[in-house]
Every structure is written in structure tokens, then in C-alpha cells.
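Here is the structure we will look at, set down as C-alpha cells.
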Amino acid sequence: MKGMEKSYFWGMTLDGEHKEKKWEGTTTESTEDGTITTHSLCVRQVVLGADAKEGELNVIELECLGYEDKKQRVPVCVMKMGSTFVSNVEVVLEDCIGTFHLVRGSGPIHLSGTHQTETTILSEDVDDSMGEEEDDEEEDGVEEVPPKKKAKK
Amino acid sequence: MKGMEKSYFWGMTLDGEHKEKKWEGTTTESTEDGTITTHSLCVRQVVLGADAKEGELNVIELECLGYEDKKQRVPVCVMKMGSTFVSNVEVVLEDCIGTFHLVRGSGPIHLSGTHQTETTILSEDVDDSMGEEEDDEEEDGVEEVPPKKKAKK
Amino acid sequence: MKGMEKSYFWGMTLDGEHKEKKWEGTTTESTEDGTITTHSLCVRQVVLGADAKEGELNVIELECLGYEDKKQRVPVCVMKMGSTFVSNVEVVLEDCIGTFHLVRGSGPIHLSGTHQTETTILSEDVDDSMGEEEDDEEEDGVEEVPPKKKAKK
Amino acid sequence: MKGMEKSYFWGMTLDGEHKEKKWEGTTTESTEDGTITTHSLCVRQVVLGADAKEGELNVIELECLGYEDKKQRVPVCVMKMGSTFVSNVEVVLEDCIGTFHLVRGSGPIHLSGTHQTETTILSEDVDDSMGEEEDDEEEDGVEEVPPKKKAKK
Amino acid sequence: MKGMEKSYFWGMTLDGEHKEKKWEGTTTESTEDGTITTHSLCVRQVVLGADAKEGELNVIELECLGYEDKKQRVPVCVMKMGSTFVSNVEVVLEDCIGTFHLVRGSGPIHLSGTHQTETTILSEDVDDSMGEEEDDEEEDGVEEVPPKKKAKK
């Protein structure tokens, strides 16, 4: 079963005093509501602040775990005051923790994009209903595991 | 049930005399038609007007509520007369109010993109029909709550 | 029911002698085939012609009706000979008429993108079959109204 | 019925000696396998070769048939050595022949993107099975005509 | 049957000492879990390292097999220190091996994007169940062949 999807605008600022910020996007569970929520983030634009230092290079690195938990750490944006102010990226983080590092320069650099959630109700009566579901395309039992994840485009 | 989706071209201009404009995109209900409509906005291009002041920096900030109603306010575009005139962004606002602020410069700055709606008919006979719906993939009852929201890409 | 979708490459040129061109994209009906076709246009790139005048600013405005038939008119691209030749935009027009105006400069400016159609067969026996459709996910009757529209991304 | 979809990386180079190249993307039929395959191409990036002549303008025109077989011919990219080397485009060609012309300059210009195919098995027993299909959402008979086409985004 | 999809951030760096790197993205099989996994890669941004040599041209070529196993080799990005630092591309590799070559310049060049997987359970009882599946929309037997592949957008 596909859970309820919602999208939220998301923003983050890195500068000389906040050179490292985390996106904590692992699956959350609400025992109160009996739901689990998966999270994904898509960073779309990186904006150099109007007060960035002239000529200074700003480098943003993203650190996270990739396929088979292999550590990834690579610059996803380099910006220099005086030329362009907006860089377009498409950095997708799905069900994981990512750390954005301003490894060079003092910004400010403003990242923004979309935080998407998918919330699924944990069904409590799965075992009981198992025998009655012969005609269903997707079984209720699927609700107990995280929903199918789709790459957000 | 998935409602009827429609897309509309959307534009907004900010300048020295209109430095702040709102996108009022929360769910609307038509008691007349018995429908509810959810709204989303995707801002795609930011265009600096041909009459913008030479060398002036223009900064657009977006303010809205993000995940768990946490206030977001971050620059989504910075443009300077003399270099590029079109910046590509992908700013998605779903079922919420967003305020665009021209916090620096006097523009004019033209934002444009797509306003998407999804209209769902509120079913009136849900309670009566509940017992008869054993084979349906999606129950009519779902129609009484806002439809599943998908991140517009 | 979802109709048959097709995509076509689309191009349009504006210059000093053709400063205004229309996209006529409202729904068309073929009484011969018993079909209706909805149209959408996605303009993807705006290319400044190689023979554009050095230093001249070219401004393209799009005029159309938006949500609740509110008139929209806003620049979607500004280009200047001497810098970039290709601007990326994502201007979506769905089931409507749009007019592109070259309000400044003499071009030539070449717009291109995708014209998408969705053709649905008008069912003739809807009233007769109504009573027999209890198990269908989507009813034939839906075919008599324009198909669900999706924002082209 | 939706056929099996596959994607392939696609590249093409135009230069002074190869100023014109064709994309032959009409539907192909394999009588051996009893399948038909529809093709679509999405050109995503246009890269100016590192050895292009300084200051020379390069213009790429695309020629193909659009909606209602109306001939389209329009520049989709203009590049000049000395400024940017990568232009992003989104040129979609679906089930048709397109010709890319280097009408100005000597390149080299490298186009690349995705070639997508959708292969459908031609069912041989359609007429026989027709009477038994009352509950199917999509009839086998559909397999004899090209599958529904979707605009590749 | 559509398998479980997951997305991972992916990064790769090329420089003077590592001028060639492979993406090994052919289908993998886990006999332990009884699953097969198809892989696709979408490279989204190419970032020139802040320490790249001033004025040096960097050229990245991608080599892989395209449609009908025809070898493709074409530059997908050219970058020069001193101008832009981020190039946007959309290079999709599906179920294949691709080699990225830094054929000119010494970088460093940082590629990043999304590695997407789709994992399908190999059903063991397909032959037995074949006769019982008359009403299913999608047959279990399909599980024995790789799942339908979709172009990642």
C-alpha cells in the first residue's frame, strides 16, 4: 500500500559560523498514531548570499552513506562571488542522514528544495486478515514494512 | 480516490513598490459544488526585468511553514543586472501559504511557473455505502479527507 | 479512462516582423473519429538567433488565462546578444490559449519544446451500460468528459 | 498493455565534415520475436568540443514532423567557443525521424541523452480470446496496436 | 511485478591520477536472498574542484554500450577553471557498464547523482501456479525475468 505523501519547502544556510549541518532523514515511527514515515530530501538550488566575500570560493561537500553503506563524500557545489548567484543541483537523499559541509569559504550559502514524506499506517490485524485477501492487488501485510521507495525526480 | 488534476500558468512580479506578495495555497472547499481543491505551486523561472538597475543586487526570499510547521525563510534567488536574466529554480509549495519577499534591490523580478489543482468530490453517502465496498481498491470514505498529495516534480 | 498520449516536437520563432504568436491549445473534438483531444505545451528552451543584434535586449512575455480565468502576463525570458544563447525555461500551458509577445528587441528568438496530446474515445453507449459496471475501477461514463489532466513536468 | 521499457545512453557528434545526422526513431517490428518496439529520444546536453574554433558561433537546428505532420525546423542550440561549454536542452522526439543540422560553425558539437524503447508482444490469439475478456482492465487486443505513448519528461 | 525501489546518493571524482573510473551497473543476483537487483545511475551535476588549474580545459567522456550494443563514446562535459564551477547534466545509465574518462585536463572533477536500485524476489513456484492465474493483472511468472525497466527521469 502506498502511504500518504506530503511535500514541504526546505531551506538550510551554511556560513562561517555554521560550517556543518545535518539532514536527519531516516524513517520515523509514531507509536501514538501507529504510523511510520519515510523521508526524502531533494536539494534543488544553491544560492550564494548577497553579502558573500568578493572573489572568495565557497565549496559545499555532501557526506552520507550510499549503496551498500559505502561512505560518499564529494563536493556538490562550488560558488564564487562575482559570477553566478544560483546553482542548480539535484541532490536526492532518501531514508538516510546527510551532512552538508562548507569546506571552503565563509558563505553564506543557502540551500533549498523539497522535503517529502510518505506516511503509512501500521496495520495491527495483519495476521488475522491474511486468509481473506485473495483478491487484493497489494496485501495489507506490506504495511508493516516501509513502503516502496521511489526516487524523487 | 484521485481527484481531477488541472494545471495553470502562474506569474508574479515583485518590484520596489511591491516588495512582498503572498501565495495563498491552502485547501479550498466549494460547498456549492461539494468539492475540495488542493493547490500546489511550482516556481520554475525567475526573470530579471529589462529595466532593472545596472549593477543592483536583487534578492528574493521565500517564507513559509515547512515540515512540522517549522518556519522556513531563505533566499531562493539572487540576481544582478548585467549578467544573467533568467535563473532556473524549482520551488514547490504544497497546500500552504508562502510569502515572496524582495529583500534587496528594486527589481522588477518576474516569477513564473505552474499552479496545479486537484479537485475531489466530497461523497455524501459514505456511511451508507461503507458495508458494500469489500472489493474496492480505494474506499469512497477516503474522499472525505484531502486526497493523497504528491510532490510535483 | 486514460486516453492515448502522444508527444510532438514543437518550435516557434519570434522576430521583428512576427512579434506575436499564439498557441491555440484548447480541447479539440473530432466528430468523425468520435474522439476528443486535449493539448498541452511545455516550452523547454529559448534560443537567441545567431543573427540577433549585438547588445540588444530581447524580452518575451507570455499572456494567458490562469487559475479562475485570471489573466496572466509576465516576462518568461530576457536575452541579450553577446552573453548566453540558450535559456532554459519550463513554461506549461494546458488546455488553453497562450500568446507569446516579443515586447522588446527584434530577435530572432526560437522557442521549442513538446506538444503533448491525449486522445479519448467518446463512448456512445454509456447510458445503456451504466447498470452493468459495478466492478469496474473506472467507469465508461467518464469518457464523456475530458480526461483527467496531469501537469506535464 | 504496457510493454517492456528500456533506456540506453545515446550520443551524436556533428562537425564540419558531418553537418547533418538523422535520428531514425519510427516504430520497428521484429517478425522473428513477434514484437513491436517504439522509440523515443531525449537529448539532454549539448557539449561544445574542446577543439572548437575560438569565437566561432555554432548553430544546431532540428528538423522533424510535429503535430499533424507539420514540418518543424528551428535552432535548438547556439554555442560560442570561449563562453559556456555545456548547454542543457530537453528535446524529445517520439516515434519519428529527426535530423540534426549544424547550420553554422564547424563544431565539434556533442549531443547526448537517452534513447528509450518500449517493446510489446504482438498477441496472435486476439480474435479467439475476445469473448472471454469481460473483466480485464485492458484488453489483449490493444497489443496489436502500438502501446500508449507517454511523453518522456 | 514491480520490485522494491531504493535511491542512494552517488559520487565519483576524476583527477590527474585517476583519469578513468567505471560504473558497474549490470543486474546483480543474490542467491542467498533469492532476489535480483537492477541498477541505474543518473549523473546530475559535474563540479569542478576549487583547486583545478586556472585556464585548463577539462573534458569528461562517457563510454558505454547503447541500443543494440552499439558502442557510444562522447564528451558529456567540458569545464574550464575560471568560469562556471557547476555543470548540470542528465546522464542515465541503466543496467550497463559505463566508463568515465577524463581525457583532457587534470581536474579534479566531481560527478554526483543518484544510484537507483530495483529489487525483485525470484518466485520459486512459478511453474506450479501458472494455471491458476487467470484473473491476475500481472502474472507471477513475470518475476522470473528482470522487472520492467523505466527510464529514470
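Per-chain numbering from 1; labels A, B, C, D and E assigned in written order.
Definition applied: a residue touches a chain if its C-beta (ideal position, glycine included) is under 8 Å from a C-beta of that chain, and two chains touch if they have at least 3 such contacts.
These numbers were taken from a predicted model, which means no experiment stands behind them.
Least step count on the touch graph, chain B to chain D: 2. A rotation of 145 degrees, rounded to the nearest 5, superposes the Cα atoms of chain C on chain E.
Each chain gets one centre point, the mean of its Cα atoms, and the points for chain B and chain C are 20 Å apart. One simple way to say how far apart two chains are is to compare their mean CA positions; for chain B and chain E this gives 33 Å. Among all residues of chain A, those that touch two or more other chains are 83-84, 88, 137, 152-153.
Annotation: chains form a contact ring; the order from chain B, going to chain C first, is B, C, D, E, A.
Those residues of chain A lying in contact with chain B across their complex are 2, 4-13, 44-45, 47-50, 83-86, 88, 110-117, 135, 137, 152-153. Those residues of chain D lying in contact with chain C across their complex are 40, 57, 59, 62, 64-67, 72-80, 83-84, 87-96, 98, 104, 135, 137, 148-153.
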